[in-house]
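Once you scroll down, you'll see the structures, which are given as structure tokens.
You will see chain A twice below: alongside chain B first, and alongside chain C after that.
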Partner chain A sequence: MNENRVKISRPQLKLLEKLSNAVGVSGNEDEVRQIVIEEIRPLVDEYRVDRMGNLLAIKHTKTADAARVMFAAHMDEVGFMLVQADTEGCYAFEAVGGIDERQLLAKPVLVGKDHLPGVIGSKPVHLTSPAERAKVTPLGQLRIDLSPGCAGKASVGDYATFATRFWRSGDSLFGKALDDRLGVATLIELARLNPGTAEVLFAFTVQEELGLRGARVAAYDFEPDMAFVVDSTPAFDLPLDESEDENVLYNCRLGAGPAIYLADAGTISDPRLIQFLTRIAEDCGIPYQFRQPGGGGTDAGAIHITRGGVPSVSVSVPGRYAHSPILHARLSDWKNTLALLYQALEKADRSILNADR
Partner chain B sequence: MKELIKQLTQIPGPSGYESAIRETIREIIKPYVRETRVDAMGNLIAQVGTKAPGGMRVMVAAHMDEIGLIVSHIEKKGLVRFSNLGGVLPRYLAGGRVVFLNGTRGVINSDRHDEVSKIQPISQFFIDIGAISEKDCPVKIGDLAVFDREFLDLGKRVSSKALDDRCGCALMIETIQRVKQSPHELLFVFCTQEEVGSRGATTAAYQLDADLGIALDVTPVGDILGVKMQVNLGEGPAIKVRDVGHIADPAVVNWMVRTARELKVPHQLEVLDVGSTDARAMQISRGGMPSGALSIPCRYVHSPSEMIDMDDYAHALTLLTGLLSREIKLEKK
Partner chain C sequence: MNQIESFLHELLSAPGVAGFEGPVCEIIRKRWEPLTDEIHISRVGSLHALRRSSIPGKRPSLMIAAHMDAIGLMVKDIRDGLIWITSMGGVDPRILPGQLVTIHGAREYTGVVQMLPDRLVKHQPAGGAPGYSQLFVDTGLSANEIQANIHIGDVISFASAPTTLGDKYLSGHSLDNRASVAALTVCLEEIKDYRLQWDLWAVATVQEEVRTVGAHTSTFELKPDVGIAVDVTFAQEPGLSTYETFPLGKGVTIGSGGNIHPALHRELKDRAEEIDLPYSIETMPKGSGTDAMAMQISSAGVPTLVIGIPLRYMHTPYEMVALKDIHRAGRLLARFITTLTSGSLESLFKGGAA
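Coming up: the complex of A and B.
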């Protein structure tokens, strides 16, 4: 079984670390894109950056009449934008994407192209009333504080993100933006391992966190026969007390393998592709789980209704604390996600679409 | 008419899982159409006739899918938690019955709650299929269910689950069977995934690139439940003027009204404050497609017991057949 070709060791972890630490808030993905270009250049036949900023890379096949298989992962992360300069190097800011506003107070951030370090400042706890402490502090009452020495070095319109540095602890991976740099790293590995049986179309998309904007044009451009979207999905599986009520809304769980999507707010996964993936997982002994059907969404939401329709499915690496300064994912889940998608890439042909649905 | 509607409503076909209803419809229409095909999104497309001089390429759409439930978790004690596919209203759930695509049946109820006047969110409902444990449960996460509710013949009126939009599908099937002479290339699309946002119609409209689009769907009525709209059950098919997602092309509205008058078909004008139809997806496809919708008035939309008036249905059939059989003049008033 070719599954042993799939491995995640030092180089892959180094790359993930680099991707996680890179700053790439929606609309400003350049830093991430440059890293991906460096990695992907020797692995594909052609690549280009489209008008939206998507990085589109193609690896051709010699197989005649091969399927056009699209893999998509988004380069952008949620973050902030400075909207007003106040005194002493303090800036009012807005959220870019669905940031968790409960998590912002006193978090270190990096601002602008030069990664100026700053902190999100707020009223000290000593001076707040119990009523204030019980609710989320509105963004308008927070400032990004860069210090008086940095006044004038940043400007309105600059992006910012959390300053979290990546680390690994055993099977656990911690870092910012692992949603969706785990997906980005997965696509790069797929390009490296590519068995060459399909026409492979890699889309490293922009602005997913703002509403799948990049994926829409990437899919229009690629016109694939089918699409696999690789993302990160939140896990709420903390071992809290369940003696009274069973936790029935966890979305997915760490350590249980890649989370295959059935239905979310934007997509009903193509039943043929769900079956294709679960059969592979079972045949190869790759653990997997179904992400609980419900809200949320991935780039598949835009891809599957492009042009005449694209059969699509999403697979996510589970992660705790999504859209906060830090995400906790598992190396084993990532590896199993990569193993599953590698097998899918190797076996993907148009006959999958002849199956019952 | 009733028999066809009865047959179609009873087949389970939640959004994204329309294969059973699609195959049934395909078998019924096969003798009447030049060809049928199923596209990437599962839409069933049937072509009737070709474009004569003065004719148009017309897309007519009715959706095959119905609202449904999808399993999200099996509890240790065997209760089945679920999420919705499409606009499932919690107030219609407790005490209802469902049937899964694998044939399993169950009853719906909800967690204990103290404020009986409040309607609970869907996450607090569960399906009890009689299992005593998770292991014993014959359904699993991702399995789909629809309301289990038999067709009820009330004479002039009928009630069933999924009249939205199987009565539109029936209308389209009977139109296919009746249209003998038409100057148009008619592209009948039995769409998928309307209830989650007209996703099937979106891709079908792109592929077909037609000159004109007509959606056939149900519309809520204003004669009950205090909905503020002037569409009543039994007063004829409704010609859509506007809904939340779509302003029908005024020339299309005018054409439909003019034709209804000529054919002496009773009709109503529809201005709807909730929801939309596949006509929306058609209108904004590619460079834009003139589109409108013909609606069958329906009470209790999205409940397990929807209700339509068979006279409205018959009049809709006369009107639609008339619309598609003659030359189409699109002009504003």
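Coming up: the complex of A and C.
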């Protein structure tokens, strides 16, 4: 059984740690891209960086007239940009991508290419009124503070991100940007595999968090026959507040395996690809779950409407606390996601699309 | 990194939530032992270190105090594999989502504080500020592991790493009031080779953040003639510039108000000016909110003064202080101590409180 080829041990975890700690805010993915290039260079037949900054890599098959199968994961993460200088060493900032303002008070950040440490300050509790503490502080009132000693060392336009360091605790993985460095790490592992009868196209995309902008041009360029998008989706598998009722809005659950998308705000997954994946999972005994249909979205939202259309499906590693300073995902979920996609990569061919849809 | 900066990094890496100051106390004891003549721990856990006067017979005594406890959190409930929390000392719940913490259970466990997502909160509108009822710590441990190793009442400390910013500033948790512990250390080093006319008690107090427990009990036990509390005060920060705030890195504050003996206030100002040490006057119309509040009303009363070190983002895990101000507070204390004579007590207070 192919299961035992799925190895996530020290080197894979080290790589995920490196990817999670790296800074790659949407529009500024270079640091992550360099790590990925270094990893895939010996694994793929060709690679290039396109005009948008997507990293496109290909593994050829010897099969003639092979299906073109695309795997996509986004390199970018949510973060910040300094937009205005305030008092010495302090800057007003804007969010890049969707970040809940309630995650921002009193957080450490890294600013600019040199990763200057700074903090998003929060007013002393002693000087706030109860009425004030009942309200969310709007982002416009917050500042990134590099200390007066750093006045002039950063500039308006610099990117910033949370300064979280990755750690592992048993089966749990904690870190920033696991959305979607888990997907990036998954694609790197897939690149180690010899392709079956399909031409394998890896897109490490940019600017997913700004509206799936990199994926659109990557898919245009690749002209794939089908696409598998690997991302991280929120697990809301937490109790209800002040209620014993069952949580029916969990989206997906940690530890229940890869979350296969049926439909989200941007894409109705291609039923043939859903069936292809679930059949593999059942045949191989890989646990999986369906992500609850609803809002949210992945790069598939852009890919599936590219050119004449690309049958697409997304698979996510579940993660709690998306777009916050520290996400929580499970090693076992990552492993099962990888196991599922290993099989998909090997078995994918045009016949999948011959089934009724 | 100079000596005080590395000592501070060490202090800030140790937990010491109010009521559980053991680990940080041990670090301070080691640092102060070679700088003092006698050292002991009080019944409630405060550290008392004596620099003995070289004058024989009865001599006055001065107590300089900085609290070593810090704000933190405590486990209040365990359910659904999550750890539900309450605060120890004043912690604005709005700063908690996304904070890295250490739970002091059977051993230390790292976790992250988070809030319930809006979709699971029924009793208030979406997008509201989180209160303690929605805040929990996620450790990644299984329900069984949690049950075996973590219990209601376990203390939780902030796990933010101390970070030097722009060479001369420091960010971290518990700078309130470890910055002042460092200032007392600077002072003890400055006066190391001086012969003192007064006895000097350097005290690291416990539970200031809760009931000023250490200040009450240590002042009673040591019966000083004069008491000085060193504590952090509000620095100007973005969006905050009132009479209660002082520029960061531009000098210490000398308190003024009911909690401050006017003679001591004048004396400290004079000492600061003699050595060109920058300071601001911190008006304290309603009291100082420091250990000096308890020290002043101990036994038959003790003349007290407060020296403040400006600090940004007080009571968050990312407080910010200027190393310069810490050195200044230590040097001002040292100047005051080394200029005290056996007649100072009488000349300072002969006119009562006026």
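Note that the second predicted complex is superposed on the first by the 348 of 357 C-alpha atoms of A that agree within 3 Å, B and C clash if a C-alpha of one lies under 4 Å from a C-alpha of the other, contacts with A are read in each partner's own complex, and residues count from 1 in each chain.
Here, contacts are C-beta pairs under 8 Å (C-beta built on N, C-alpha and C of every residue); 3 or more make two chains touch, one makes a residue touch a chain.
As the structure is a computational prediction, the values presented were derived from the model and not from experiment.
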{"item": "Fit or clash - chain C, chain B, common chain A", "value": "fit"}
{"item": "Partner chain(s) touched by A:Gly121 [first = chain B, second = chain C, both, neither]", "value": "second"}
{"item": "Partner chain(s) touched by A:Leu105 [first = chain B, second = chain C, both, neither]", "value": "second"}
{"item": "Winner by number of chain A residues touched, once chain B and chain C are compared", "value": "C"}
{"item": "Touched partner set for A:Ile305, first chain B, second chain C, both or neither", "value": "first"}
{"item": "Partner chain in contact with A:Pro42 - chain B first, chain C second, else both or neither", "value": "neither"}
{"item": "First, second, both or neither for A:Ala263, with chain B first and chain C second", "value": "first"}
{"item": "Which of chain B and chain C A:Val248 touches, first, second, both or neither", "value": "first"}
{"item": "Cα-centre angle that chain B and chain C span when viewed from chain A, reported as a multiple of 10 degrees", "value": "130"}
{"item": "Overlay on chain A, chain C to chain B nearest C-alpha distance, Å", "value": "10"}
{"item": "Overlap of the chain B and chain C footprints on chain A, listed as residue numbers", "value": "249"}
{"item": "Contact footprint of chain A on chain C as seen in their complex", "value": "79-80, 82, 90-95, 97-100, 109-110, 112, 114-117, 119-123, 127-130, 133-134, 138-142, 160, 163, 165-169, 171, 234, 237-240, 242, 244, 248-249, 289, 312-318, 320, 322"}
{"item": "List of chain B residues in touch with chain A within their complex", "value": "15-17, 19, 39-43, 70-73, 75-76, 81-83, 85, 123, 141-142, 193, 196, 199-200, 202-204, 206-207"}
{"item": "Residues of chain A touching chain C in the complex", "value": "86-87, 89-90, 102-103, 105-108, 117-128, 133-137, 141, 143, 145-151, 153, 162, 164, 167, 169-172, 174, 234, 236, 238-243, 247, 249, 320-321, 324-326, 328"}
{"item": "Residues on chain A engaged by chain B in the complex (per definition of touch)", "value": "246, 248-249, 262-263, 268-269, 271, 274, 290, 292-294, 304-311, 353, 356-357"}
